[in-house]
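See below for the structure under consideration.
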Amino acid sequence: MRKYGVVDTTFSRVNMGDIAERTIKKEDNDCEIKRYTVPGIKDLPVAAKKLIDWGSDGVITLGWVGRTQLDKYSYLSTSIGLIMVQILTSKHVIDVTVHEDEAEHPDDLVRIAEDRATKHAINLVRLVRDGESSLRGYAGKGLRQGYRNAGELS
Amino acid sequence: MRKYGVVDTTFSRVNMGDIAERTIKKEDNDCEIKRYTVPGIKDLPVAAKKLIDWGSDGVITLGWVGRTQLDKYSYLSTSIGLIMVQILTSKHVIDVTVHEDEAEHPDDLVRIAEDRATKHAINLVRLVRDGESSLRGYAGKGLRQGYRNAGELS
Amino acid sequence: MRKYGVVDTTFSRVNMGDIAERTIKKEDNDCEIKRYTVPGIKDLPVAAKKLIDWGSDGVITLGWVGRTQLDKYSYLSTSIGLIMVQILTSKHVIDVTVHEDEAEHPDDLVRIAEDRATKHAINLVRLVRDGESSLRGYAGKGLRQGYRNAGELS
Amino acid sequence: MRKYGVVDTTFSRVNMGDIAERTIKKEDNDCEIKRYTVPGIKDLPVAAKKLIDWGSDGVITLGWVGRTQLDKYSYLSTSIGLIMVQILTSKHVIDVTVHEDEAEHPDDLVRIAEDRATKHAINLVRLVRDGESSLRGYAGKGLRQGYRNAGELS
Amino acid sequence: MRKYGVVDTTFSRVNMGDIAERTIKKEDNDCEIKRYTVPGIKDLPVAAKKLIDWGSDGVITLGWVGRTQLDKYSYLSTSIGLIMVQILTSKHVIDVTVHEDEAEHPDDLVRIAEDRATKHAINLVRLVRDGESSLRGYAGKGLRQGYRNAGELS
């Protein structure tokens, strides 16, 4: 049985934590999921770290980022933190972020969030359950999450 | 009994440390609070680290950031530092910052500071006392601190 | 026998992992290669770390970076992470990245990716197999990967 | 007896190390000061680390930063480094920096440097000798170093 | 006998490694120098770390940085890495970088590289052999490497 961690935020405007939970359960029927909800993106790294301390084999974090330059600096520091958690634990923490300035219309943001959370939850299951070769068939294929695939350049 | 740490600065133009202390006491009547006042934001990470060394179960830091690009780089390095403290200790350090360019009128800055410090002090109590599920009901709800909630996208 | 790690992504639009594998095999006929495919660049550091945990003497990572400022921040956090992996393990992780805005025409991007992945795979073999003096003859020669060499200034 | 470390640079255009040494001696008459002079700001973190290795209870670093964007990136990496030293040692490293573009006239730069180095040397003594409550009376008072105090917002 | 490490790159357009080696030998006649040549600046931190693992008392790294914003982000991540190496080992790693946009004419770039590499190699010898007070006489004197000294402000 595999243990997955899901971390989401109250700042987010879409419940991506629920999407990730549902997707993981559907993809891996021998698993346990632990969910951790924090205020904002800068709280994601410690929650991921704690979930790994408590036994998670891999974690998905789901963050929502505002439009200002300051929000982008918060994104940068969060990204560095999430990478450090992974380096120190040798566990994957798949980092899903939706940026409020990715689209003007709320429907588009919802669609991006759902697509990105779903695809990356599947990526997490593959990496945790099936290991380092699980995504080999897609290497260099220009896959995108939240958008249409860009495709391979011939 | 829970132990909370509160770190604030002499650079700040609002006494957010007092606000945080009052709020924590009101929210959690079986707690001890340790306060640490430092000059500016770049001194926050070590103070948070020391409070955790001394037994705090979680910390709130309250920083005030100036208007220049340099202040923003200081914000960035501080954010990275606060995230590293959390990763190394597996304890929450909730990071409240008010940026002097968030509003033109002093009254608005005061209001932002009070709202943000209060709401995040409550977040800290919930996470420390009630754990990883304490904010689950607000996941994806678009909560904001310092501003009106943005709300969930339908 | 030397052990090399190769990490590539599904985000990439060129299969640089295959290029690196082929090049390493051609350069070093007494070696074992372990490949790890991850979704995007921010997943590279933990994969490199795990390959080193599993015995790799050196790793090459092959990332593809988008055009937006956000992609550049992801590049920055990934670079910091890859450098931290190296510092903590004292092993080389040669970091190949192709940026989608390096060229307008897809053919040029493909050519850059092939040239850069090939040359850096050779660099990795030299450093891992032949050590700290293996590139001495090229010191200060203005070598470039992905572009024509800039050359030494007289 | 307390042990203070003072780190300054040959890049600086004002001898802030002397100012800091004089101020610390005046503020704390039962102390030992160790001085470390390095070339530029990026050398400050290791010097602070070494002084703490050698027994300093707290350190003040005094850096001078040029006008270009590159200088600002050096400031950023130095700031991250100084914060990491503090986190790893649980000791204060008060970071004084003067930026050459803070003022046009040399007299103003000298005045800023003197004021900032003096006030932060006093801050260091208070934190090291008198502890976490020593600056409590100034919390939220809008103190500034190098400039007139901004004051508390009512 | 002191042990110095010299790290340079094949990306550089001036052989600064040779300049540093010659200068160190001339300054310190009881020393051993170990040279490490890597492809580019992002490979400098691990090489410095390995040289220290192998016994170097101090290291000089000699990097060449391109003109684009991306090159500057690579500079930033490298700088953070070099500072981390120093913090983790408590050894000096003097970081010489020449930026291709510092001058338009190649002759000027060569002159800057020679001056900077020479002066910082001397700085390294002083710090490693003569310790924390060796540069005290130059504190606050506005020394520059690569350019004329800026001088002390009166």
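A, B, C, D and E label the chains in the order they appear, each numbered from 1.
Here, contacts are C-beta pairs under 8 Å (C-beta built on N, C-alpha and C of every residue); 3 or more make two chains touch, one makes a residue touch a chain.
Heads up on the chains, UniProt names are A, B, C, D, E = Riboflavin synthase.
None of these values were measured; they are calculated from a predicted model.
Path length between chain A (Riboflavin synthase) and chain E (Riboflavin synthase) in the touching-chain graph (shortest route): 2.
Common partners of chain C (Riboflavin synthase) and chain E (Riboflavin synthase), by the touch rule above, are absent.
With centres set at the average Cα position, the gap from chain B (Riboflavin synthase) to chain D (Riboflavin synthase) is 25 Å. Distance from the chain C (Riboflavin synthase) centre to the chain D (Riboflavin synthase) centre is 40 Å, each centre being the mean of its Cα atoms. Along chain E (Riboflavin synthase), residues 76, 80, 84 each make contact with two or more other chains. Begin at chain A (Riboflavin synthase), move on to chain B (Riboflavin synthase), and keep following the contacts round; the order you get is A, B, D, E, C. On chain A (Riboflavin synthase), the positions that touch chain B (Riboflavin synthase) within their shared complex are 8-18, 34-39, 42-43, 45-47, 49-50, 53, 69-70, 73-74, 76-78, 80-81, 84-85, 88, 106, 109-110. Against chain A (Riboflavin synthase), in their complex, chain B (Riboflavin synthase) makes its touches with residues 72, 75-76, 79-80, 82-84, 86-87, 90-95, 99, 120, 123, 127, 132-136, 138-145, 150-154.
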